[in-house]
């Protein structure tokens, strides 16, 4: 039982990382129907900036986190302005492929810094793990879950209360109608990318503090986002969160119970994608996704 | 009259260049300076380049210039093959490989082109038939390294019942290389392999470690590279498993980087390798330091095990070139036969490793011995003398 | 009109989206070879009805039978193969292709050659392409699109695209043609052209036409029979003169467009 | 006025059959023939060395795979992030069919006869086509971008599955015998390079003709219809789901054939050749060449493969400028390739094929300027 609980706890904490990463992904999809293949690179960049600020500039890590989230806001805006804005009006699949190119470009740029090959860790900034009844909970896991919760609360507030947030929802619902009532669609796209970069940076922080900063593993989260959003529904924020946690837990349970049975193991890697295929076949729009009704 | 002078001068110049033009021995290397595993590859290439430079500066092969061409392949087989072919265009006499996958694929080509391949990969399958005539390993294979760890477990196991071992391997031919032999050896030695876990791209090893703990695993043998092993050690430390499970690993799991990455979680880790360590007072290590400093490498490189790998590989080939030069021209044929005569009196002792390098028709493994080392007080310390795995020839007779 | 003779019988169709009824118990009969118009204010459910017929929406309950074959549950492509063609309200052409290719696409089911024959593009495949090309050229003549034959559709004017849309539906060689506001946004001259085409279609090709149109003048002029929908319900039906005087219809249109 | 079939200007067609021709003028036909003769002579040029053969041969093989990708992504509008995996399916089919069925059945010795290869290629293609159709199956229920995610999942499951399958040597190298071309054993880079140059080129030409024919038939038009407007396609009697499935099947077939040649060319198969990054490279090749154009799939792969050695040289040069702590070589390739993808999509979404089109139009209008 303790074993199961431990898997559950780890699963939830990893799931909350996926949720954070998926959040930005969903926002971009919701507002512009673009699938972002560069989410993993955004996560890595956020994590590296925090490291640079903390270790090289000697800023306390919490302040680094806040500063990085602010910087990421501008990174998101910049990416949207430079690479996505010129694509407005182009077919969606071209825009999606721009994000594939962007992923390549960003990972190339990362290698212009020492982070490409440097396996680094944040300095320890949290106390030793909590232990009770055979369970071990790391503070980093708690912090991760907390950050996810805070992020989601702020976003929820933003979408229901602030004008900008409401206009984002409007654009997601109907671009043409929003344009006609004076909502700036460009601004909304930019904001979606900025938010995506911010949540990616937060995710990067959690990954970095839990597992260290290895470029490959950080970008790999960008791929894990796909099962999460397909499960939750490509355009549902609640879906991203719940999907993230379900995938995180499933992955841990697969590693925990299936790896011992399957020769060679490594089921945690592939299990989420098998889940993805199954969902696509039986419930294509995910748990919370909007079923599209087409007007002709 | 003027024309005559000019033509005379030209003739003289021509004669001079021909007289002093050294003949070249071309050695090609293709590996991951970038991309996956580049944290190892970038030191290997430095080692190779530096030793070539050193060989030329010291005129180790009289009458010949050693030309080491090194090119990045990003751990991509297509690039490796392309580089290999381009070296053939430059009349390469020998090739230094890197990735396991690429080297396995090149077996066919080495036979067809009659160019020897010795590389960083220590997959025993490389020198198994078919197409193994031109394939060489610089040091003991992964299989033998892993088996030596099994033997250590069988000898040192305390408590009742069969010792329980989990293997943690890279999800590639590199990681899977020793698994078959390990299973056979475990049976002979009475050790139980609880499971063979392939490394996931996932981030968290706690589930894996706890599963092992539940299954009563007492030993872990890793066949991977340093950083995931370091992560496992750190997780094990958090879970309080360092006392319960003895962590061990083959050649590429150990080295100074492991201690840097894992910190005090690396304590007691046991490592199987044929190499000496930079802080050991060995002639090879002194040479490594000299070469590294002479060619402006930083301290990281000088103390890197993979830098040693590069030096060793280049030194073996250059020694073969020297042997070939002694008996005539260095061609790929004479180079290959020189490589095969590197035994008996011709044994080569560069001092980078615990045994001399020897090759023959039947022996395609350079350094045959290995040692086990253990991290004690933040440093790898040898816990055995140089030895050979006794089980290895039983489970993997030479083919 | 007797429902027995009808080519298309819509019986008690209900269409609801999450509890909201877009169509409520609509029953309509459409006679072959006639022009039947469906009118009603905006949001009355006219287009939804067409969507149900052509298979884009699946009626929640009720039945739609075309020549005795049940359409509910069939996909648009299956319905199209039965001989029902549709011209869309918001032009749904293949904008990257030429007019010719757009029309050739409508011959898809008439081009009888296999995939393997297409690999060689010789013999049967080539002949089929030529025969159907001739058919398409016939439609191009009929709809007076000769000069636009090789033009890319996306670059044509709105009026011409509307005409291409109609031509494409016609190219399917249907028994029943559904036209969704073919004259919307056109000037008088263009409207006259379209009216002429619709009458020609009926007269020369003997194709039944279902017309959704807001220009009631046109509707009353050319229709053989008119149905009126409001809030998803049928409120009146009959020959144009009768419908125009129906008090329910007048009420529905007060504040909207005036009758005639 | 007599019609001059050598120039486009003032050249009218008189029958629908003439209108079906691929080449507008004799000059185009003639220039293609000249180009093909040039291609046939290339292996005899003095500058051809092993490395160049490797690049060109690989370009031909990749072109076949990219043609398939262009059918599904460029023409049918479905992003496919798993083309390398389909190629892998073909390669593994070729190797396992040879190892487990053909060799015991026909008692092949150390070499494979040429007739067998002629059968093996389409067979491997078919296996990949079946897998392609299977992966495309969700398109019956799914629209838009979900299919892209399904192909990504397939790519990942493929890599994992091969790695865990002892039958496929867990992704380690599996040998396939060299072939015997009417008495000459094709082995060693001296013969492999030129042989596969011609072999891959001929297969490529056959496949290109087939692709051209598909595209001007109703099956090709249906693909574009589904891409441009799947609702309208539906109303035209085209089953969009089925169309996407067969687009994936054709794409898989092309990839499978490419994979089989790739296996024969290398003499062995290893799973790492068919990774996610290769799939993305294929997408890049298709984009740079020009999505939805025939010419694009022919130019793109060569352009990218020839660019690669230049990037390598350039990064060597750039390293001398940057401080040695920064690994320029690592950074350069993804940066440049990423930039190329992005820049092409933003500034030249129709790819290199568009440059080709402009050039061609210049000759069309000749002797007039416009």
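Chains: A, B, C and D, in written order; residue numbering restarts at 1 for each.
Throughout what follows, a residue touches a chain if its C-beta (ideal position, glycine included) is under 8 Å from a C-beta of that chain, and two chains touch if they have at least 3 such contacts.
This one's a predicted model, so the numbers in the text were calculated from it and none came from an experiment.
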{"item": "Distance in touch steps, counted as few as possible, from subunit C out to subunit D", "value": "1"}
{"item": "Furthest chain, CA centroid comparison against subunit C", "value": "B"}
{"item": "Chain pair whose interface holds the most contacting C-beta pairs", "value": "A-D"}
{"item": "Centre-of-Cα separation between subunit C and subunit A, whole angstrom", "value": "46"}
{"item": "Mean-CA-position distance for subunit D and subunit B (Å)", "value": "37"}
{"item": "Mean-CA-position distance for subunit D and subunit A (Å)", "value": "34"}
{"item": "Length of the line joining the C-alpha centres of subunit B and subunit C, rounded to whole Å", "value": "74"}
{"item": "Multi-chain contact residues (two or more partners), subunit D", "value": "163-164, 170, 231, 327, 330-331, 333"}
{"item": "Residues of subunit A whose C-beta touches two or more other chains", "value": "111, 117, 263-264, 266, 269, 294, 296"}
{"item": "Contacts with 2+ other chains: residues of subunit C", "value": "56, 88, 92"}
{"item": "Touch list for subunit B against partner subunit A, complex", "value": "34, 36, 38-39, 42, 171, 195-204, 206-208, 210-211, 214-215, 227, 230-231, 238-240, 261"}
{"item": "Subunit D partner contacts - residues on subunit B that touch it in the complex", "value": "33-35, 38, 42, 71-72, 74, 76-78, 81-82, 85-86, 88-89, 99, 101, 104-105, 107-109, 112-113, 125, 130-131, 171-173, 176, 198"}
{"item": "Complex contacts: residues of subunit D adjacent to subunit B", "value": "49-51, 53-55, 58, 163-164, 170-173, 175, 178, 187-189, 193, 266-268, 270-273, 277, 312, 327, 329-331, 333"}
{"item": "Of subunit D, residues touching subunit A in the complex", "value": "73, 77, 79, 137-138, 141-146, 148-150, 152-154, 156-157, 160-161, 163-164, 170, 231, 280, 283-284, 287, 291, 325-328, 330-342, 345-346, 349"}
{"item": "List of subunit A residues in touch with subunit B within their complex", "value": "3, 6-7, 10, 14, 111, 117, 119, 121, 129, 131, 136, 138, 207, 210-212, 214, 216-217, 220-221, 251-252, 255-256, 259-260, 263-269"}
